[in-house]
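These are the structures, in structure tokens.
Both complexes below contain chain A, partnered by chain B and then by chain C.
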Partner chain A sequence: MNNLMTKMGVLLLAVFASSDGFGEEEPSVEQIIEQVNLRDEGQAVSRILVMTLTDRRGKTRVRETRAFRKYFGDEKRTAIFYKKPNNIKDTAFLTYDYPDLNKDDDQWLYLPAMRRVRRISAADRGDYFLGTDFSYEDIKLETRISTADYHHILLGSHFIEKRKYFVLEATPVDDKTAKELGYGKVNTIIDSSNWMITKNEFWDPKGHPLKTIDFSDIRLVQGIWTAHIIAVDNHKTGHKTHFSFSDVDYSNGVNDDIFTTQSIRRGL
Partner chain B sequence: MRWPSSVLIVLLTILCQASFAEVDMNLNLDSVVAVSTHQRESLQSLKNRFTSHVDYSKNSYRITAIIQFEHEMENGMQAILNNDANYTFASRPITFGNHSKLSVRELYLSMPVLNGHFLTIGKQQVVWGKADGVKILDVVNPQSFNEFTLEDFGQSRIPLWMVNLELSLGDDLFQILWIPDTSTHQLPVFESTYGFTAPRFSPPIPRDIPIQFKENKAPKTRFKNSDFGLRWSSFVGGWDIAVNYLYHFEDQAIFSTELLSHNATVLEITPEYYRSNLCGGSLSKPVGNITFRTEFAYKTDQRHYQQANELLVSDELSYVVGLDYFAWTDTLLSVQLIQQRLLDVKDETLFRAVNETSFSLLLRRSFWQETLTTEVLWQQNTNDNDGLVRPKIQYVYSDRLTLTAGLDIFYGDERGVYGQFADLDRLYLKARVSF
Partner chain C sequence: MEDNTKRLHSGKSYRIFWWITGHPIFVASLGMMFVAACLAFIPKLVIDPKAESFLPKDSPALVYREQVEEIFGLKDPMVIAVVNKNGVFNPDTIQLVDWLTQQVLAIPEVNQDRVISLTTEDNIVGNEEGLVVTPFVESLPVTQDQTNEIAAKVKDFPLYLGSVVARDSSATLIITEVTEDSHAPIVYEKLMTIIAKAPIKNTEILHVAGDGAVSGYLSAYIISDAARLVPISVVIITLLCVLAFRTVQGSLLPGIVILAATASSVGIMAAMGDPIYVITTSMPILLVGIAVADAIHIKSEYYEQRALTPTLSKQAIIVHSVNKMAKPVLLTTLTSMIGFLGVYFSSYMPPMKSFGVYSMIGLAVAGIFSLAVIPAMQMLMPTKDSAAFTSSNTRKGDKLAQFMDGVGRRVLANPNRIIIGAMVVVVMGIYGASKLEVNESWVDNFQTSEPIYQADIAINKAMDGTSNLDIVIQTPHQEDLFLPENLRKIEALQFYLESMPEIGGTTSIVDYIKQMNRALNNNDPSEYRIPDDADLISQYFLLYSASGDPTDFEEEVDYDYQQALVRARLHNGRLQFFKPVVENAQTYIDENFNTRQIEASLSGRIYVDYEWLTNLTDSHFKGVAFALVLVWIVASLSFKSILGGTLALVPVGLATFAVYALMGALGITLAVGTTMTAVIALGIGIDFAIHTIERIKYQIQVQDLSPSEALQGLYPSTGRALLFNFLAVFIGFGVLGLSHVPPLAKLGVLIAFAVLVSFVASITVLPVLIKLFKPRFIGFKKGTDINTALIADVSD
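Right, the complex of A and B next:
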């Protein structure tokens, strides 16, 4: 009975404090995902991204990069240029992410030691991205939610400081997808006031806790909600990845030429 | 060295006056020790290389200077000893004694020109092709063979003075190269550790006749001796496509011989170089977990030694077909088939097969967030049944220190490209300190 009362209390609170645009009605899973995926992320953005990688003994490696993203219609192109440290400088990564789910993304990697742009398969999307705890798929999604790879259910909602947060549970559509992604389950917490993801918790296909991604320092930049800190805690390896974004600029546009193989070869 | 030094000083002066120029300097110290696993005098190489890489940028203009000082402590490798006849005056390193050299590895100005096009002018490397560890299209720059092909191509490639114009027209990129620098391959001296002994690399030389080398007949630095290159590349239907053309002097010397009888009989050997046209192309595309890549080249007027001490001239078709298989997490399995066919030749007196077939297999896996990488590269020539196996392990201890250990294991017939070094297996340790 007490449990029931608590739930009813939470529900009432949710209704009165609702700021998610759905009024008294609890949105469906599809509506929540739609809100997240329709959130404005700018037609193009440039930013400085500092990656701090920490192993379980506390040893850190820091990478300073310039990252660019731009939409060409529905096609999203991303380019990342490594500036520091010396041993990885001039490495660059380029990806074309297509809206057609049946079409694999195109990806290129420039390794300065080889002096050559190498075409890489985008099929192994569960691989870790250049030594971080993000998979290639995580990098591709950024703060979006995939509807093609998962079945989603709404686990519930809660309030923190009068803000309503939804909790979604995602399970891969089949074993093959789970194996490809390296995930058996993903829980996602979404802030209904801005439809930003604030946390992802991942389990591996065998059901063991895998990693947690926290999105923080979320603030408006030129009218667009932007997470400035993204931190990953890998529970299996004890490794941590900390992404810190600065000089985020949505307004000045990004030259189309940045998203070419000759550009990642030449560098910035 | 006077000319490149002057160019460097002029370029640096211009940029130092640019008050808002951004300067980015990186320094690396590479130390290598290699020991032979066969011979009693086992130390094969003990080398230190200090490299300074400086980029001066202002707006979209950039000057890159890569300057390198190298000191080889061992005589056996003879990487530096009296072995720079292949360089033009403008490219030649400064040597200090027999064991040290200072070189301007690369020095170029890169800048946007016209509207969206790009010009790179100066001493640089241009890399064509999609193949790993095999040079079919990657022939714009000559190569140093002082350590056979064991050194990374980025280091063994010899940068050249050239003008490199890249014109972007939509998804198409046109590259135009004018290369007045006529430097050629650097071949190891005969007595050095990796001096060539396989018969395909030199004419038959009688044992009992003294040899006299004549002056290297490398083409002089003249406009008419320049190399010219064209490349079109594009991204079409998911394919990376390129078509290449190079009009150039082959960088491999052909040694002509002449018996001279004055006071005594002497075999006079003259290194000579010949023009060739190269037409080729490359393709790559991933299909699921597999990336398919290929490159091919048709080369005219290739010269090959025959047993009758004559040269056979023929055209050659070469190609590589490679598959990169990303089947397991953080693991790459890569296989390549390489064929080199002499066209319209049915000659059994050659020191090489008319149709040469070889393959390579690379298995690489990284661990611990890519701080530890293990790999095995196996290269095999099926005609001579010789090959090279290269297991390697690399550990990135920190951003400043990378440690590498590996084995280079040669096997097979001593007449083969790899088999000629069958008693030169080595274990090496490398340390790179970055500042």
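Right, the complex of A and C next:
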């Protein structure tokens, strides 16, 4: 309840801020992060996700999926059902992300050719997610900013077409965290008009450019700001990931039963 | 004498030399400017130490290999080998491997994602619920029990046995790749520093090796080798000139020719943007010896002339001597150039072509400098008589001339023995040539005492081998490599390859598929097989991607699952060893692949080496034949006699046979360096014969000496100059014999030997043959007793 109150409070603050009441004064880093993290993501969402993975030679793998996500309190559950190509049709992936950092996430994959649900050992936070250039941590955060893992500073702001963007620089709190995440530094660009992240730039722990994530086609869907295209460019491997979302639906709710091993086995 | 001197005063060449000596400052500064311009380009030189440079950039084998490397993201690896005769599975050694791995990862020029070692790699195992991809070493072991657990996991994962960990556990590798090939030398240095300061607690021995390391170290190695040898050869050659002329001028002027020859060959090479290859580093050293020869002949003639006609003006003496030597100098320069032209035309390998062309340029410049710049400079320098040439002893000569005179007497008195000796050399040479074998490995560029050579031996002994034969599998459609029937063909190919004793082990995507199948079937060893369902295989890969990296299988299969790489590791990279492997693999592929469903083709370092090495014998004999014919034509034209041309070939022919005989006797194989021996020796050795014939001819036709006087007269004058010429060339190549790069050392020794034989034959076999055959082109009268002079061809 307390949590909800602060959320409400900050939301009010956000409204206040966008209505010029903030004046010309720059918000603090903490305020920016709060704005981003309190933005409504919808309690549950269903959508069609097309993953296009491209290797350094330009060869692509296209995977069409139906993806669901729902918050159970602070616990986040995701289910992805593969539709195409045929050889992985009906394969399904289920994950429970626990807010407690010390509790390993649970993950399962259903392989129709084996007719069995396989438990996947807990991935490290820095591991790549299902052959994409996202790490498990990237997927878990979605468009949030972690305050537990990083120290943040405000690098500055700039205007593009009269819209103000903040640039944050995040450095992992310690070497161990950097190693776990696989990142030495992350720069984040935030659109001040809707508090959406538009771009993330990552460096590896040794300071080499690692990857860039671009969020685009950002539109309001049922009152919720939604990036319909998320593209990752891995500078080290030349590998690319392109997520394209469609049929995004926040309003109809998602049945809790979808997030079970029985459901991924049964299919939609 | 008077008439002869008059003849010298006429003719076009005379006018040219009169003009040159009349404008000494102009000619000398022009020459120096040319040298300076050439030197200015030298800093532009780049080094290309890679074995691939031996095939033309557009050769199909190389182009294909580059495509394959691009598809599968392959680069030449560098490896640190940790060898422990007591086995690597103990806490200390594993900690050492981890320490080394961390050090390697900290090198900025190393591709972080491609560092493979026991402590970076993941194991694929199953548990009751699913697939687990976890590091072999999750935390560093402290106890032997913990290490034993790791050992058990590794030994249960066939893919890493023989490639990352020795099958007998005696060694393990840390494999790394550089981000850019040009960083290889730096990375090699850094790896050597790392192993030098590694905290060794146990009985581990560390090595750095691998193709990347070889090419990384080779550039530094060849440059330091050349930097050591060039000064040695310059000093020795200068000392030789001091000995020959005993004047400051006589000792320094040949140095100008050396400088011009080496600067022009290397400078123009740099200006043309050609890199310096292992083999072309020897060029300056060879040119030092060859280039100085012309200067020696001209200076000898100058001092001789000066002693004979001390009353003439300095300019007149210079013009006389240069004019007299112009023809033989031009001719010998031309023939030497032909030798290198032979290297150029017979070879399809860029380093050889480069070697041929730029040596030719150096020789041409040496010829021009000897005939123009040196006379001009001589005009500008104060001159003294040479103690070696004084009017009182010119006829008889100094001690050396007397020595040569004695040699001549003995030779001319024993023609039969000389001919028999020559015949023996020919027979031995033919036998040697018939046994000539090609053999070469890139690591043979190093002395056996070099750490990198030792490393190669140690790794090849412990592991499956460092030389790769790659077989590229190609299918017509995307994801055809999920089809079990295709995978089974690859598996059968691997079984076949592994049945050959030369092959230590093979790796392909099939090994990973079998490992995943086993992991997902309760780690049951009998499930280490290809599943029957293509969909299942594709789902395995999806499952793997839940914990693996997107680029994990990049080296084994392309992103479309349409092309795969089967890599076979061989213990030895020498042609004699891998030739049957390549040929058997090709036959197997022809019989079992290349259908509409699946194709296979050979690639990899081994196949590229196979391509160029198997052509080496052909190109070798082609080059020898080419040079022989061309030299013969030039000599025949020059003497206006086919017999003359043929006679001139005798000493070099003998030298070539002698080289084959020596190679056979010492078991030296035909390889990068040695393949050029015969052709170069031919071009250089012919000079002795030309000078000999010219001198005898001159003495008979111009000086009107009787044939026997002429033959004996050869020795103290030309014989003496030839001795110094020979010594210069012999020492030039001999210095190369001191090279720490074995192919260059072999090349040097063999050519020095060939030059020795050419020289000896030119002053023994050749005069004897002339004595026996009495050829008319030299000026012998028809029949011994007929006194009709046949001075037909003294037209200029």
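Heads up, the rule we're going with is that the second predicted complex is superposed on the first by the 238 of 268 C-alpha atoms of A that agree within 3 Å, B and C clash if a C-alpha of one lies under 4 Å from a C-alpha of the other, contacts with A are read in each partner's own complex, and residues count from 1 in each chain.
Note that in this section a residue touches a chain if its C-beta (ideal position, glycine included) is under 8 Å from a C-beta of that chain, and two chains touch if they have at least 3 such contacts.
Just so we're clear, the structure is a prediction, and the values are computed from it rather than from any experiment.
Peer 1: Applying the touch criterion given at the start, work out whether A:Lys59 contacts chain B, chain C, both or neither, answering first, second, both or neither.
Peer 2: both
Peer 1: Pick one for A:Asp257: touches chain B only (first), chain C only (second), both, or neither.
Peer 2: After superposing on A, A:Asp257 lies in contact with chain B but is clear of chain C.
Peer 1: Once chain A of both complexes is superposed, is A:Arg266 in touch with chain B (first), chain C (second), both, or neither?
Peer 2: A:Arg266 contacts chain B only, not chain C.
Peer 1: Could you look at A:Lys236 and tell me whether it touches chain B, chain C, both or neither (first, second, both, neither)?
Peer 2: A:Lys236 sits against chain C, while chain B stays out of touch.
Peer 1: Now for A:Arg119: first (chain B), second (chain C), both, or neither, which partner does it touch?
Peer 2: Once the two structures are laid over each other on A, A:Arg119 reaches both partners.
Peer 1: Touch test for A:Ser246: chain B only (first), chain C only (second), both, or neither?
Peer 2: Neither partner.
Peer 1: Identify the partner contact of A:Gly131: answer first if only chain B is touched, second if only chain C is, both if each is, neither if none is.
Peer 2: Both partners, chain B and chain C.
Peer 1: Which partner chains sit in contact with A:Lys206 here, chain B, chain C, both or neither? Use first/second/both/neither.
Peer 2: Touch status of A:Lys206: second partner only.
Peer 1: Regarding the shared-chain residue A:Asn102, is it in contact with chain B (first), chain C (second), both, or neither?
Peer 2: A:Asn102: touches no partner chain.
Peer 1: Where on chain A do the contacts from chain B and from chain C line up?
Peer 2: 53, 55, 59, 61, 85-88, 107, 112-114, 119-121, 123, 127-128, 130-133, 237, 239
Peer 1: Residues of chain A touching chain B in their complex?
Peer 2: By the definition above, chain A touches chain B via 53, 55, 59, 61-62, 85-89, 104, 106-107, 112-116, 119-124, 126-128, 130-133, 182, 237, 239, 257, 260-262, 266.
Peer 1: Using the touch definition from the top, list the residues of chain B that touch chain A in their complex.
Peer 2: For this pair, the touching residues of chain B are 26-28, 110, 116, 118, 125, 127, 129-130, 152-154, 157, 166, 168, 173, 235, 238, 240, 284-286, 288-291, 293, 324, 326-327, 329-330, 368-371, 396, 398-400, 402, 432, 434-435.
Peer 1: Show me the residue ranges of chain C that touch chain A in the complex, using the header's touch definition.
Peer 2: Residues of chain C touching chain A: 70-71, 73, 106, 108, 112-113, 127, 129-134, 479, 482, 520, 533-536, 538-540, 542-543, 545-551, 554, 558-560.
Peer 1: What does chain A use to touch chain C in their complex?
Peer 2: Where chain A meets chain C, its residues are 53, 55-57, 59-61, 82, 85-88, 91, 93, 107-109, 111-114, 118-121, 123, 127-133, 204, 206, 208, 236-237, 239.
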